[in-house]
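Labels run A, B, C, D, E and F following the written order; every chain starts at residue 1.
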Amino acid sequence: MSEKMEQYRIHQEPYYRSTGDEVALYEAAYSVRMPMMLKGPTGCGKTRFVEYMAWKLGRPLITVACNEDMTASDLVGRFLLDAQGTRWQDGPLTLAARHGAICYLDEVVEARQDTTVVIHPLTDNRRMLPLEKKGELVHAHPDFQLVISYNPGYQSLMKDLKQSTKQRFGALDFNYPEHVTETEIVAHETGVNGDVAGKLVSIAERARNLKGHGLDEGISTRMLVYAGSLIAKGVEPLAACRVALVRPITDDPDMRDALDAAVTTYF
Amino acid sequence: MSEKMEQYRIHQEPYYRSTGDEVALYEAAYSVRMPMMLKGPTGCGKTRFVEYMAWKLGRPLITVACNEDMTASDLVGRFLLDAQGTRWQDGPLTLAARHGAICYLDEVVEARQDTTVVIHPLTDNRRMLPLEKKGELVHAHPDFQLVISYNPGYQSLMKDLKQSTKQRFGALDFNYPEHVTETEIVAHETGVNGDVAGKLVSIAERARNLKGHGLDEGISTRMLVYAGSLIAKGVEPLAACRVALVRPITDDPDMRDALDAAVTTYF
Amino acid sequence: MSEKMEQYRIHQEPYYRSTGDEVALYEAAYSVRMPMMLKGPTGCGKTRFVEYMAWKLGRPLITVACNEDMTASDLVGRFLLDAQGTRWQDGPLTLAARHGAICYLDEVVEARQDTTVVIHPLTDNRRMLPLEKKGELVHAHPDFQLVISYNPGYQSLMKDLKQSTKQRFGALDFNYPEHVTETEIVAHETGVNGDVAGKLVSIAERARNLKGHGLDEGISTRMLVYAGSLIAKGVEPLAACRVALVRPITDDPDMRDALDAAVTTYF
Amino acid sequence: MSEKMEQYRIHQEPYYRSTGDEVALYEAAYSVRMPMMLKGPTGCGKTRFVEYMAWKLGRPLITVACNEDMTASDLVGRFLLDAQGTRWQDGPLTLAARHGAICYLDEVVEARQDTTVVIHPLTDNRRMLPLEKKGELVHAHPDFQLVISYNPGYQSLMKDLKQSTKQRFGALDFNYPEHVTETEIVAHETGVNGDVAGKLVSIAERARNLKGHGLDEGISTRMLVYAGSLIAKGVEPLAACRVALVRPITDDPDMRDALDAAVTTYF
Amino acid sequence: MSEKMEQYRIHQEPYYRSTGDEVALYEAAYSVRMPMMLKGPTGCGKTRFVEYMAWKLGRPLITVACNEDMTASDLVGRFLLDAQGTRWQDGPLTLAARHGAICYLDEVVEARQDTTVVIHPLTDNRRMLPLEKKGELVHAHPDFQLVISYNPGYQSLMKDLKQSTKQRFGALDFNYPEHVTETEIVAHETGVNGDVAGKLVSIAERARNLKGHGLDEGISTRMLVYAGSLIAKGVEPLAACRVALVRPITDDPDMRDALDAAVTTYF
Amino acid sequence: MSEKMEQYRIHQEPYYRSTGDEVALYEAAYSVRMPMMLKGPTGCGKTRFVEYMAWKLGRPLITVACNEDMTASDLVGRFLLDAQGTRWQDGPLTLAARHGAICYLDEVVEARQDTTVVIHPLTDNRRMLPLEKKGELVHAHPDFQLVISYNPGYQSLMKDLKQSTKQRFGALDFNYPEHVTETEIVAHETGVNGDVAGKLVSIAERARNLKGHGLDEGISTRMLVYAGSLIAKGVEPLAACRVALVRPITDDPDMRDALDAAVTTYF
């Protein structure tokens, strides 16, 4: 594999706790190179799962955080000017297709349509990527796979994937882990003991029940890891929860009171 | 034919199961070089049909996935800068017109108006393409033909082809194949036996009846091929259908239940 | 005349059947170099008429298909970069003005305002074109004339020519030809006999009566030529009409039935 | 004066029939270099008046047809790239300010705000033009004057000059000339006799009474000159009026009948 | 001080009639380099005041007429390309900050947000300007001061300064001068005698009472200077007032009558 | 540390009066490199706090004033053209990530989505920044930290951070300091005595009570420092308060009276 790809290799096993048959299903999907769509709320571990699978399958991983100002050229590549004139530079998608990496388009629904349409010829049996600006037809490397993430809670009339895009992917559902699993994750990632970790998870579970009742999203596993890290550094649990769990997600006084009350119940 | 066109040639007969007189009609249309419009839902085989006809007629095929950020320059070409100054590079449409390929504009309704107007002079008896930026008038190669695809289900007030564009094309209707034909296709493409393939087709037929009743589109032939591929790799049929047929097209719990029920009826 | 203009010359008399005094009026308008506006529905022969007049008057013809993404620079010209630095390149309008061609802006109402305002100084007694970017004032060649086409049926509040633009043109009305004339045209252009051609014209006349009652536009002369061509190639008249006349203009099942019925009345 | 300005000089006296004290007022305004605004309907002679005054005052005239896509750079100038790197090129406004021409911004209300704000420092006692991109402060030549045209009938909430712009100009009203004067103009410009010219003016006067009652604008002097030119070339007066006066300004059948009736009253 | 700044120096005392303590307050504000905001209607002397203060304080003055198409780069600077590659060119704001000029942003509310946010770090105690494109942090010259003008009458929901911008400026109110002062100004600037000047001021005062009752803005001091200049050149006072005071600000027949009546009361 | 970073170092202790446990909490957050969000009204000291912490932690500070026209490239970097061709230049975010500075995105909510999404991979455990245009993956320096500011009062439906962004930050609340503390700050920063400083703070407190009752924001600490500076320069307190506290924030006559009354109560 080209030297350029080395920086995209994952050398250490990422910490990932499986919560069902998602690892086996992903392996089967990869074996037929089916493009995959990971569905679930923010901060529940989709990115970590892709990193884990890339490590397990021994493939480099190229991640792109999609956004509405990203153009097809940002994915596919462009001509740059140097002393000898213009020189083509592969974008992350082309790089992955050419050298056999897994390409992960995070929050793909944020991207403009041209970004999503550009992936179509890579997702059917043709597995090719026309570089129209360069006049080249890239046939994907046999190891290449495309993965996208998708948060159903964000879906709106204005921003959704087209049916003709959705139909090109197999889909796996993700959610926050079970209590015991999430406690184990928080303890492992922060160094706090299981008791503290469990309390943090309980606070999160209460907040997740408020989703749709004044909160747009609940408290994610990642936020628990932040709170645990502060506690492990000696910050008072109450202050740590205020800074890492409550203040970031709401400015509404009543909601803050409700969340602060949940915190004081446990600490 | 120029060497550049070699990459657009189709060397092996693509697998295509004819469903009517569409092959003969297309051959007649091509013999008078009538521009053609292929109408039908996503994933029903329009792209495969064009590939098959290009192979049958022995013409190279240049495919462009249209999108709303595509400019006329992306089709026609542009000046690039190199060490000797600017150099013109033909876009895919010009390439096809100049060298006698079939140019296939996939989902042309997604493109902006300038993209669709640019094809007008190629679609009447003039058969020419003015490269205004270059000051050149390209007379189309005698073998050149233009083909576009169009999904009537997507048609909206905001996005539709102008009448003055539609009138420039002959049109062929496409739909999902009959039960027996589709079963044959799924079995052929995935390696599962006819029994499994038939069950998958039956599930799809149920889902297609839900189109307009909570589903924007039914389950396409391509999705059945994905499900069959997973089953052929040893994945449980229930899990394979969940990943490849149900999860990708809906997040609505009731609709998921309905589709899952259809799956368990057969497996 | 410059060599560059040779490609815009029309060497063979285009087939055109006059339907009134439009040829004489156009000749008088050209003799005083009055800018002309051709009004009429899509596919009724406006473009063919301009080609015929350009041939008759012995002038080169530069045609521009207008669209809403076209800029004034696309008409007037721009600086290009080459090894010696920037080099000015005349756009089609400047080329025509400088070398004495007829410049035909097809569907000018589609263009943005800057495109239409840019033609103002060429349409009054000044007959000049300021190239502001180049700092040059082009005085139009004595043979230069400007012609635009305009489809009154498309006119909307959002897209119409400004009064100060309309007032700069003489206007000629166009419509589909009379039954006998149109039959003669279809027979001449396709090679089918007068009987078949007449039946095709009768079908078109029925469809034109449906305009505004479920059809946006009727069946144009150009579409009849397509249908006739297929029949001349041996395609069944019913199939030829389906592909070339009915399927392209409507997806509404009732309207398709009505049009198919019109077809079976004659074939 | 620089050689470059020669192309903007008016060598022959333009034909202009004064209709009041506008020539004397303009001369006084020019003597104090007051910026001027010419108000009036389309085609009534504003442009001709500026040409006449520029000839009378012996100043070069640089005319810019404003439009909504014109940028401040189109007026002021820009850097161009050539073999020695970037080279500044004055825009028409800078050219006029630097070399002492009259700069005429036609239909200035069509321009974007940045175009109108850019003229502010040239219209107060500073009489200077900052070229921000070049870092130069151009002090206007003593002979420089700025003139703009403005059609009050077009004024809308969306498009009007800002008060802070209007206050920087003296204003002169224009309208279509009196019957005798306009007859004289039409006869002079076309070669038809006074009888025919007078009939054309009478037709125009009828049409102008319909303004606001189904017509957006009346028939302008310029249109009468077009009609007269066709008649002088031997075209039947009825056909000439149809082509040059009626068809260009309306597609409404009733309005066409009313105007055609006005034509047949006189011819 | 750098040679480049010489062109921005004001060598002659601008004529300015103080109307209160604004000169002393400005001097105190400048002594602590407080950014200043000058509020008041169009044409009442804000620009003249800044010129006067720049002369009195002996600082160069760089004026920028803001508009909605101006980008942050127009203020801050940009890279230009020349034979040796790209070269940075300071924009007017950077020039002023670097060399210790007063930078006057006229009608700042017209600018886009990026233009107004870019001035924030120059308006608090940091007094610095990050040139992000160049990777340089400009620390403002000790003599640098920022001044903006603001017309409260223009303020709308769509276009207003952000509170976080307003809070960064001290503010001075301006208005048209008292009768005697304004008379003196008009006489001084035009050469008409005090009697004529006083009549002009009286007309303006009547018009200012109509502001909000059919007039968007009253007649400004600058307009009176225009009218006086025409009278001094021998133009009849009635004609001069028509051209310079009435016609520029309204097309409403009733309002024109009211204003013309005010003129004939005095002349 | 690289020489380039020297200009971003803070050499003198910034004057900061702590108002709670925010310094200790920030130190803990920095020790685990948790990205931080500072919430509070304009001018209450958020920027000063970051400067103080950067000094205390001995890290360079790179501040970016966000705005809606800022692109991801403004943060991340871009290719520039010079004599040897294109050269990559790090943007402020990349510079900070590469060399271990604290990067402070002021008023991040003003930025477009692409700017906020671009920071995602820097705010989770990956701590990396993909430079897609350059094809480089920057792993953040161990000392790097990201800080953003956020004014909850500005929050609207149109402009708010996405939940998936908010969840990536710990949050600290800021507000105007207590009476005694704020008095001390004003006295320290301006040189006025405690009596005058206290009166200024009392005026501000009255104005802050009007927030939401006719004032969008109250009078900030920064404005008090401006007023105190003028008084220290000998300006009458009434005039100083008029210029620095009242005129900048409102043009409403009633509100001005209310605020002027508050001023005369104390001076």
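Everything that follows uses one rule, which is that contacts are C-beta pairs under 8 Å (C-beta built on N, C-alpha and C of every residue); 3 or more make two chains touch, one makes a residue touch a chain.
Going by UniProt, the chains are A, B, C, D, E, F = CbbQ/NirQ/NorQ/GpvN family protein.
Just so you know, these numbers come straight off a predicted model, no measurement behind them.
Engineer: Check every other chain and keep only those touching both chain A and chain E; list them.
Structural biologist: F
Engineer: Among all the other chains, which ones are in touch with both chain C and chain E?
Structural biologist: Expected: D.
Engineer: Hey, which chain ends up farthest from chain B, C-alpha centres compared?
Structural biologist: Result for max centroid distance from chain B is chain E.
Engineer: How big is the rotation, 0 to 180°, that puts the C-alpha atoms of chain A on those of chain C, in steps of 5?
Structural biologist: An angle of 120 degrees brings one copy onto the other.
Engineer: Average the CA atoms of each chain to get its centre, and name the chain whose centre is farthest from that of chain D.
Structural biologist: Of all the other chains, the one whose centre lies farthest from chain D is A.
Engineer: Interface check for copies chain E and chain F. Shared numbers divided by all numbers used: above half gives same, below half gives different; which is it?
Structural biologist: Homomeric contact, different residues on each side for the most part.
Engineer: Cα centroid separation between chain D and chain E, in whole Å?
Structural biologist: Using C-alpha averages as centres, the distance is 30 Å.
Engineer: So the centre of each chain is just the mean of its C-alpha atoms; given that, what is the distance between chain B and chain E in Å?
Structural biologist: Centre separation, chain B to chain E: 60 Å.
Engineer: On chain B, where are the residues touching two or more other chains?
Structural biologist: Within chain B, residues 81, 84 contact more than one other chain.
Engineer: Mind sorting the chains in ring order for me, with chain E at the start and chain F directly after?
Structural biologist: E, F, A, B, C, D
Engineer: In the complex, go through chain A and note every residue touching chain B.
Structural biologist: Residues of chain A touching chain B: 21, 24-25, 28-29, 31-32, 34, 37, 39, 71-72, 79, 81, 84-86, 112-114, 116-118, 120-121, 124-126, 130, 132-133, 135-137, 152, 155, 163-164, 166-173.
Engineer: Okay, in this complex, where on chain A does chain F touch?
Structural biologist: 4, 7-8, 42-43, 47, 63-70, 74, 78, 80-84, 89-92, 95, 106-107, 110, 151, 189, 216-217, 220, 222-223, 226, 229-230, 232-235, 239, 243-244, 247-249, 251
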